[in-house]
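In what follows, chain A forms one complex with chain B and a second complex with chain C.
Up next is the complex of A and B:
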């Protein structure tokens, strides 16, 4: 890391391997994104803005990025826990579970979408249980905090609060959330797991002998070491979720203004042969994604500066 | 069902490697350049070497529900073609959403024959110059060897009493239909509803707006909608092509669903065309022309009838296959001014369908 590559390397084959790498990167990454930007450039800023500046497009973009963020946050928490369990504990079936974490990568997303829809649809295994038992029970339970809140809120002139869980999972935003959690889960777990393996027991023991509590060790010793990797996983998971189409399309319901994701709008424009408009929405997503990834990178840089390079 | 994973523009797996940095590091290194050139040449040579030309081969690019139809038709045609003293042809058929299929051909899929769900999709291919603009006049019946119409598939016994388009707006009725923007087949559904409203003195724009308020799930393709209705048990009525409704009954048994024929519907014309620009030689042209003409022979028509399409010539068809189709009042796409006018007016950007979801 950090060694300048312009100096002649004692290792042979740099030119060839770099050439192959660059060619592959160009074919797979630079060319498609370049084509997208070029298509947008020929369309012009005004055209792009006209395409994006519609209620339906804004709502779809907002939906896509909002649910992707929720899903990535969920994966951040759950993925770290999962990695911790897989790395630190030994229990029967651990290896199988370890292998299963990668399944969302291997499964075609359409298959995942259809399987999740079958489970969470109102007549599916979880969907039916949710609709008939879990959701009503939760609604009753939620009446308690609503009642307490309203004791204060109503005299203050607020409208009475009513808390209700959504009756449907599939064909509503919770379904999109579940699909995005599914496709993004391995990223955090897989980036954090090797780091946990690297942490030496002595570090925790030293922390304990110096009188730190378990919580203090976790927050001040372990977490700073995990954070850069966890953030990388979070960013990957977020980026994956924003662009996800195959699985979401089956579970979302795709109602305009309500459950229509931005990638679907791109496909709709393509179906109409409006390549310019499709590129415009694509560029909007690219810009927002880039901004989000940049912020995450900055947080990483900041955290490294603060706690030193791990 | 279309294949969404194959669409490059729809996926943005945001790459954020430090690529720009490494480029500047690499440039200026002569050995790197030589290596890069070698690697690029290697990659390009693999792409350029073309597949050998195969005579007597035909690619028919079709849409989703014609799978069974063309499986049988291809066999029958191959037999006929051999009987005519020719070598056995190799005929391939590709199926998918009609619009996506048309786009593949526009973008270079070498189909010699198109058999899609609506003329508008073939018009898109014609715009590239691969076939003449007046392609639809080349073969009889608007180049539609078989037709169908839009009917209602309801749950067994029709518990909600849905007998005509007006009933679909009843309180609590859920209607399943795909998004006409992404599904060519669904455009016919939309126009059929529009036609009924017009004939019954209602404001058609208002009628379709209310109709789509009853749609709880807007799938991207007809197959998706059928799954939603049949497997997920969502909705009270599925708007479907007649042939697909019968296909569903055949596969799922007729004790689960009923077909209801509304008073007014639209004559759906899935047309066929020869793609001039993709014909390699005279032999292939002869084969492609014979293939399309065979669709119009009594034998070809009988196969269409058997697969629940309303064909034209029933002389060789099984009378049972013909008798299942009730008569009804059918409007045609010509009543909407043809796809050239209907497509932008209803399904283009800002068209009547978009207005349903913008005028809030």
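Up next is the complex of A and C:
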């Protein structure tokens, strides 16, 4: 005989707690997701491929993925800096910054969406400053590397390079990027911060005593300890960004083929009662999410084996 | 935890006065150079102002752009009031449901040993990695009027999609892991010894739960419910899909979108301001819990 399914225990409430847990899990999570998977199975891989293969759909999926990746990468770097600053430095306003990191979790995405749009639209505070001053200034500055590059590239037969920053933020891909950075902001910072608190100062002192410079210690002693948590946060923020809908639709402009994200396409298909198409896109997104969940788990297993805690 | 902060003098070897002529510029070997330190603080502050503080200010500035009177008047419109009522109703249903589920799941997972526990935890966490829009889609595919179950329910006068039950179901889906995730680490840390003692002394199961377990987990429970409530009131994607933009099934975030698309800027931002106010209240309570009851929260919530 193998191990029993449930070990005998003197604790009361096995039936009740297991019953509530499994009933709600089935009703809320397993049955609905099962319905989607079943719908997907009914038109098979070929059917799903036919839907995804249309230009509007794969462009939306690709856009969602690409901008989410950029946003998650930004959040990876910025989140580690943020966690370090909040955990290690004391300066006036530290507590306010610390509380502000959690705002994207607490603020409804629709609120964030219209607020970011109001600021970054061409007639908003930041949008206007970008359009009238910052973007032209950056374009002038970018002429210098373009000029230097063209000194070499043009004689070699390449077309002359022209570097230009996008003229506007909202109603274009930079707006999507900003919204996705906003919703994923807390993940990396909040997974890395507890790890920084756990680092023992002795390790850094030992490194310094042995003659390492501060930068060497940061790169070779501190970063390896932070990396697993940072990667977990990165994956969480990526998963969140790929599925994000509320904050993006206000700022994106939603032009088909250009600034239309995958979740919006699901909503559009549902509004037109194209349940099959909606399900096919939904399944594609679900598969992507599950792949990411798998990666998160693998990272955690790997980091536990390496360091002993997450 | 802030004892570890680099600025606290206790941690830093103090320069001997009179020995080092450059004592003002002394830098401990475990500190970053002053320039780097302030650059990092400046980067953190700069992006948080750009991404968090500025939008928050913008919400209130836009709401009050025509004065207090206009903002308050827009909140008293029939649409706004029905949206506020519906959102409060949904939160009032979802939060207790989540509390019951969270406690039951945490009890089941931490008090018993069984096969497939890791898989069960993964399933509970699943909603975090599913797009809310896909979550809504799943519910429409299961209970929509074109499915067998959905058609039967509609025929019997209990429609789920485009009505309150669908919104509740979608909200429960997206908030599903919040309470369980806060309770499980705390209950693992506290172990089973106290409950076992109570049982040995003859207490009933419920008495053990209410007098031993619940006092131990109450702050973690409150923390989880706080996060759950914030998400329940603010959920947009999943609810947008299941409500189908019906007038009778419009929550506050959906009404914000409608106002916004109708160019009713003050109305949209006033409603948004109300939600932002709730979000700030949530953050305040959360910060208070983290500082006052840190030892009763899961380890990752301590020591900010």
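Just so we're on the same page, the second predicted complex is superposed on the first by the 256 of 310 C-alpha atoms of A that agree within 3 Å, B and C clash if a C-alpha of one lies under 4 Å from a C-alpha of the other, contacts with A are read in each partner's own complex, and residues count from 1 in each chain.
The rule is simple: contacts are C-beta pairs under 8 Å (C-beta built on N, C-alpha and C of every residue); 3 or more make two chains touch, one makes a residue touch a chain.
Just so it is clear, the model here is predicted, and its values are computed rather than measured.
S.K.: A:20 contacts which: chain B (first), chain C (second), both, neither?
M.R.: both
S.K.: According to the stated criteria, A:266 is in contact with first (chain B), second (chain C), both, or neither; which is it?
M.R.: both
S.K.: In the superposed arrangement, which partner chain does A:277 touch: chain B (first), chain C (second), both, or neither?
M.R.: The first partner, chain B, only.
S.K.: In the overlay, work out which of chain B or chain C sits against more residues of chain A.
M.R.: C
S.K.: Applying the touch criterion given at the start, work out whether A:103 contacts chain B, chain C, both or neither, answering first, second, both or neither.
M.R.: The answer is second: A:103 touches chain C but not chain B.
S.K.: Once the shared chain is lined up, is A:250 touching chain B (first), chain C (second), both, or neither of them?
M.R.: In the superposed model, A:250 contacts both chain B and chain C.
S.K.: Looking at the overlay, does A:118 come into contact with chain B only (first), chain C only (second), both, or neither?
M.R.: In the superposed model, A:118 contacts both chain B and chain C.
S.K.: Go through the superposed model and pick first if A:157 touches only chain B, second if only chain C, both, or neither.
M.R.: Touch status of A:157: no partner.
S.K.: Would you sort A:290 into first (chain B), second (chain C), both or neither based on which partner it touches?
M.R.: Both chain B and chain C are touched by A:290.
S.K.: So, does A:36 touch the first partner chain B, the second partner chain C, both, or neither?
M.R.: Touch partners of A:36: chain B and chain C.
S.K.: Between chain B and chain C, which residues of chain A are contacted by each of them?
M.R.: Overlap of chain B and chain C footprints on chain A: residues 5-6, 14, 16-20, 24-25, 29-30, 32-33, 36, 108-110, 114, 118, 124, 239, 242-246, 250, 263, 266-267, 270-271, 278-279, 282, 285-286, 289-290, 293, 297.
S.K.: If you look only at chain B, which of its residues touch chain A in the complex?
M.R.: Touching chain A: residues 4-5, 7-16, 19, 22-23, 25-26, 28-29, 31-40, 43, 99-100, 103, 106, 124, 179, 181-182, 215-220, 224, 227, 231-234, 347-349, 354, 356-358, 360 of chain B.
S.K.: Spell out the part of chain A that touches chain C in their complex, as residue ranges.
M.R.: Going through chain A, the ones touching chain C are 3, 5-7, 9-14, 16-21, 24-25, 28-33, 35-36, 39, 78, 81-82, 84-91, 93, 95, 97-112, 114-116, 118-119, 124-126, 178, 181-182, 185, 190-191, 193-194, 197, 201, 204-205, 208-209, 214, 217-218, 236, 239, 242-246, 250, 263, 266-267, 270-271, 275, 278-279, 282, 285-286, 289-290, 292-293, 296-297.
S.K.: Give the list of chain C residues in touch with chain A in this complex.
M.R.: Touching chain A from chain C are residues 1-2, 4-8, 11, 29-33, 37, 40-41, 43-45, 47-48, 50-56, 58-59, 62, 97, 100-101, 104-105, 107-109, 111-115, 120, 122-124, 126-135, 137-142, 144, 146-147, 169, 172-173, 176, 192, 195-196, 199, 204-205, 208-209, 227, 230, 233-237, 240-241, 244, 252-254, 256-257, 260, 268-269, 272, 275-276, 279-280, 282-283, 286-287, 299-300, 302-304.
S.K.: Going by the contact rule set out above, which residues of chain A touch chain B in the complex?
M.R.: Touching chain B: residues 4-6, 14-20, 22-25, 27, 29-30, 32-33, 36, 54-56, 108-110, 114, 117-118, 121-124, 170-171, 235, 239-240, 242-246, 249-250, 253-257, 263-264, 266-268, 270-274, 277-279, 282, 285-286, 289-290, 293, 297 of chain A.
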